[in-house]
Amino acid sequence: MKNHQPYTPREIMTIMAAREIKNGDIVFSGTGISMLAAMAAKNINAPDSVIFFETGAIDSLLEELPFAVADPRIMYWAAANSKLTDAFATMQNPITGKKVIAILGAAQIDMYGNLNTTCIGDYSSPDIRFSGSGGGCDVASFVPRCVAFMQHEKRKFVKKLDYLTSPGQLKGNNTRQAAGLRPGGVSVVVTNLGLMRFDKDSGKMYLDKFYPDITPEKILENTGFPMDVSRATLAVPPTETELKILREHCDPQRLILG
Amino acid sequence: MTNHLNKVMPLKQAIEQYVKNSSHISIGGFTLNRNPMAAVYEIIRQDIKDLHLYAHSNGTGLDELIGAGCISKLEIAYAGNGKAAPTCIRFARAVQNNEILVEDYSNYMMSLRFMAGSMGLPFLPTLSGFGTDILTKWGFSKSIRKSDPKIVDEKLAVMDNPFGDWAGASKVLLVPAINPDITIIHVQKADAMGTCSIQGLTFADIEQVKASKNVIVTCEELVDKEELRQNPDLNQIPFIHVSAVCHAPLGAYPSAVFGHYDYDSQYLRKFAIAAKNPDEFKKYQDKYIYGVKNHESFLKIVGQERIDAIKADPRTGYSVNMKRD
Amino acid sequence: MTNHLNKVMPLKQAIEQYVKNSSHISIGGFTLNRNPMAAVYEIIRQDIKDLHLYAHSNGTGLDELIGAGCISKLEIAYAGNGKAAPTCIRFARAVQNNEILVEDYSNYMMSLRFMAGSMGLPFLPTLSGFGTDILTKWGFSKSIRKSDPKIVDEKLAVMDNPFGDWAGASKVLLVPAINPDITIIHVQKADAMGTCSIQGLTFADIEQVKASKNVIVTCEELVDKEELRQNPDLNQIPFIHVSAVCHAPLGAYPSAVFGHYDYDSQYLRKFAIAAKNPDEFKKYQDKYIYGVKNHESFLKIVGQERIDAIKADPRTGYSVNMKRD
Amino acid sequence: MKNHQPYTPREIMTIMAAREIKNGDIVFSGTGISMLAAMAAKNINAPDSVIFFETGAIDSLLEELPFAVADPRIMYWAAANSKLTDAFATMQNPITGKKVIAILGAAQIDMYGNLNTTCIGDYSSPDIRFSGSGGGCDVASFVPRCVAFMQHEKRKFVKKLDYLTSPGQLKGNNTRQAAGLRPGGVSVVVTNLGLMRFDKDSGKMYLDKFYPDITPEKILENTGFPMDVSRATLAVPPTETELKILREHCDPQRLILG
């Protein structure tokens, strides 16, 4: 995507995700850009947000960027090092879980924010096999707010998932609660083109914000299902301060920003 | 300590004694951390086949075992291995080519399944996974399940909350217990009786150990009982759960051991590149696994330079400013 | 650390803020070890009544609270306090005189109930208690249960194993979750954010804390964040679970704190003797509880001699060769 | 009870219980005489037995006798200090649980080895209230072998318990398994008069051994229900070696032996 803006697509995506994180939030983080968004929020808009990993480390110092959620870098100077069962219980438990915001990625997303990280093609004999759920299904089941990072392409924004790994609003309306799930799942989708949210009644994805230089039409062209764009407004682009902190404090070697 | 409480033996002997063709097995660690690699490579060298592997997220060990054709059935939550392999390469190929049967769970579900096994329970409940294909799509058919008494008849079960809406839950999802024939973990410190002290995150190692009929512990340091008894709060695994103790310095290499050494991102990338090409992968295995007689000789080929590069900084527990790619 | 993460406050204020008449409460420790006695005595001084107490085996704190008439309902596994009181004396009198409603569980059941609460689950399963009166005899009637939304409708439930005879179990017993309004524990070390490090056995403290809507931590040592961050493996409770932190040296006295001081068997015997006689017990309470304004002044009356006598030996964590009777 | 023997009732009870403990057993121990029996076994006949507490300490050094299962004396030099849920899981888990032998006490026992530690009289308004189950119900539910220590009196060996706290053979025959319990519960009762065991078919208590100076008739006089004494033989009294070790190594100050 050509870009006349003073920021890269990765930079605006990171800032848009970081703005979703509020002070006091417990941020369930993966690695890569999701980790960077969590660090950006902590340095820009949510100094008292707490970074937390499914492997059991909480509020790690992160002197160096971890490359995996089991990277020894997350074990240093944490508030506590525990284990998987404790970490997931912290999210399943609504007393702490209600403060958790998660950042997830996926190979496919549908109009209800359900995610596929398992396979393309038939599950029993897939064309492409991915890593699988990891903690994704658990997080999407428990956590009230989830940010999904996606590249905005038709083949990724699909009518029907090849495999439903992590629950969003399932089939919309009250189907999520009816299935036994707590309210939650993916609440915002951050892509290289804009920001999508979900209608609180129908559970359907709608366009909330489009980036400078991007039109709602372009976003629809890259989306494999119909989507309401009537509520869409232009996103406030990353400020100079946001970009400065992101570039100079969070990823000076551009390990993730590229 | 009387003799029958001394469980120290060579790794080769422990694998011969406890890991058989068709064993149901689990290994400790998580992606690129604390995988029992010395044991994994020994299993490959002993050409043990048809293993049923229970994994939450054992990246490094998992992909070597699958690459060597040791695994026929796999129950798993996540098969990725950090930057080098967002999806484990030999795993993906094996699934795509129908070389292994795989059944998917989530990380919490797999952890709870080990926990249920460690508690002597048939299952544990969770609020995870309703409405997903994890619940509806099974990797093992009813007939396979019936034919193997070691595989539970139902992948998962859903029940209504018998306590009304207590805790705000209308339903719970029940995950069946796992009790492996053998679990192998790698820890920082163990004594000859098998008491273990793990430094840093324990992942699901403790639950895997306590759920397992037999347990092999490989350790960086084989220490005196007295050293571990000085701080019982740091010993997550008492000896009563352990069958064999094997001293294996750098026994998790190329995965990391907090406080001792980092993961070797160069080695993991080399593995990932080779794994994509059958000829290259055979060369890789011939050189690093089949071409050596044990982990010590493997480490000689790896070379002191890499081992120095990953040495942990005593302050942080990892290798500070190590070149990672 | 920003201000809203600093949770340090005087104990008096913490109790006023988080413990109300009719609160559902749990306290940490086990029989004569690590009961949060400074908080217990403050609750008594603040004359907080009609408390619903969840206890596994909280001997010392339990009997003081019952003796002072703070408790109206009790769910419990064990009410004994070592040699001084094989059965807690005020507890037995209160039950025999129908002054409190009591519902009995086992220690494992109560621990699992806190664990279920800590996991956000409505229940956990166990294989304990089939065929016993714990299952059939309820302390709270159906009508009491219906009238109080904070009490679960069914004491316990039994279900068939939905996974056939998996793990050799035909049935499981389900224990309902506990989520107290407030849990109070006493620990060796805490920082101002509320991260805690408990030395020695943790009993069910961790599960009680994580199950609770609010948590007060009293600590022997209020330490810098940096001290606790140096060994995250020893911090069982991260700050996210904690509402208030109160510095309370000797805050578990007359119960023990491993590594700091032993239980005071003389004080416990004095309590036991007084507890048997209403007049003597009133004198005891007037002198040691109502007659002082806080734990510091209580300790002044107890006297330095007793405090020196119970001081822990640094090698063993308890008072070696202390006269116990 | 008058006693012309070179040992006290407490001494013979302790030795009889200690003999039930085999090498490699994990001994679930309370305090008082049950702790002393565990220590005697370790010093006399089962050096590799492991002492274990419901509070989570295992293989503690026990330089001093603990007065409660939460006594700080059990936390020193243990193999591991954990917590209640771990300790009970170790017994519920058959892999480790099958090695566990427990030593319990009770206010009442019936002919099927069911125990009452809760109350005398009506549960809702008891004449006498005791401490309650503690871990007793759990242990009797999980553990294949349990020793019950009792004073041998009619009011303690009763036809019907006022409250069934800890399960033995319930109503005998296969009622224990039918209720959902694993095989186990109280397997031997050690009193000041003799040793009782349970018929493997009927689940009923029978007299196995009577002590020197004690007759089966005297035992029946002190038992509140009919009991088979046809299999009873004279107990081998404590040997000099057993008594020497018990007195000199296990409780030199006679804190428990009195």
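Letters A, B, C and D mark the chains as written, and numbering starts fresh at 1 in each.
Operating definition for what follows: a residue touches a chain if its C-beta (ideal position, glycine included) is under 8 Å from a C-beta of that chain, and two chains touch if they have at least 3 such contacts.
Predicted model, so just to flag it, every value in this text is computed and none were measured.
Visitor: Return the chain pair with more inter-chain C-beta contacts, choosing between C-D and A-C.
Guide: The greater number of contacts lies at C-D.
Visitor: Which integer distance in Å separates the CA centroid of subunit A from that of subunit B?
Guide: Centres of subunit A and subunit B (C-alpha means) sit 28 Å apart.
Visitor: Calculate how many whole Å lie between the centre of subunit B and the centre of subunit D, each centre taken as the average of the chain's C-alpha atoms.
Guide: Computed from C-alpha means, the inter-chain centre distance equals 40 Å.
Visitor: Which subunit B residues touch at least two other chains?
Guide: 117, 120-121, 126-127, 169, 172, 179, 200, 233
Visitor: Going through subunit D residue by residue, note those that touch at least 2 other chains and give them in order.
Guide: Counting only residues that touch two or more other chains, subunit D contributes 57, 75, 81-82, 92, 94, 142.
Visitor: By the document's touch definition, which label belongs to this structure's chain graph: line, ring, star, complete, or other?
Guide: Here the contact pattern is something else, fitting no line, ring, star or complete shape.
Visitor: Which chains are in touch, pair by pair?
Guide: All chain pairs meeting the touch criterion are A-B, A-C, B-C, B-D, C-D.
Visitor: Over in the complex, which subunit C residues touch subunit A? Could you list them?
Guide: Residues 2, 4-5, 117-121, 179, 193, 195, 210-213, 228-230, 232-233, 235-241.
Visitor: Help me check something: in the complex, which residues belonging to subunit B touch subunit C?
Guide: So the residues of subunit B in touch with subunit C come to 116-117, 120-127, 152-154, 157, 159, 161-164, 166-167, 169, 172, 174, 176-177, 179, 199-200, 233-234.
Visitor: Looking at the complex, which residues from subunit D come into contact with subunit C?
Guide: 31, 54-57, 63-64, 67-76, 81-85, 88, 92, 94, 118-119, 123-138, 141-142, 163-167, 170, 175-176, 179-182
Visitor: Help me check something: in the complex, which residues belonging to subunit B touch subunit A?
Guide: Interface residues on the subunit B side: 29-33, 56-57, 59, 76-83, 86-88, 91-92, 95-96, 98, 104-109, 111-112, 115, 126-134, 137, 139, 158, 168-173, 200-207, 256, 258, 262-263, 265, 312, 316-318, 320-321, 324.
Visitor: What residues of subunit A sit close enough to touch subunit C in their complex?
Guide: Against subunit C, the touching part of subunit A is residues 24, 26, 47-48, 50, 57-59, 61, 75, 77-82, 89-90, 92-97, 99, 142.
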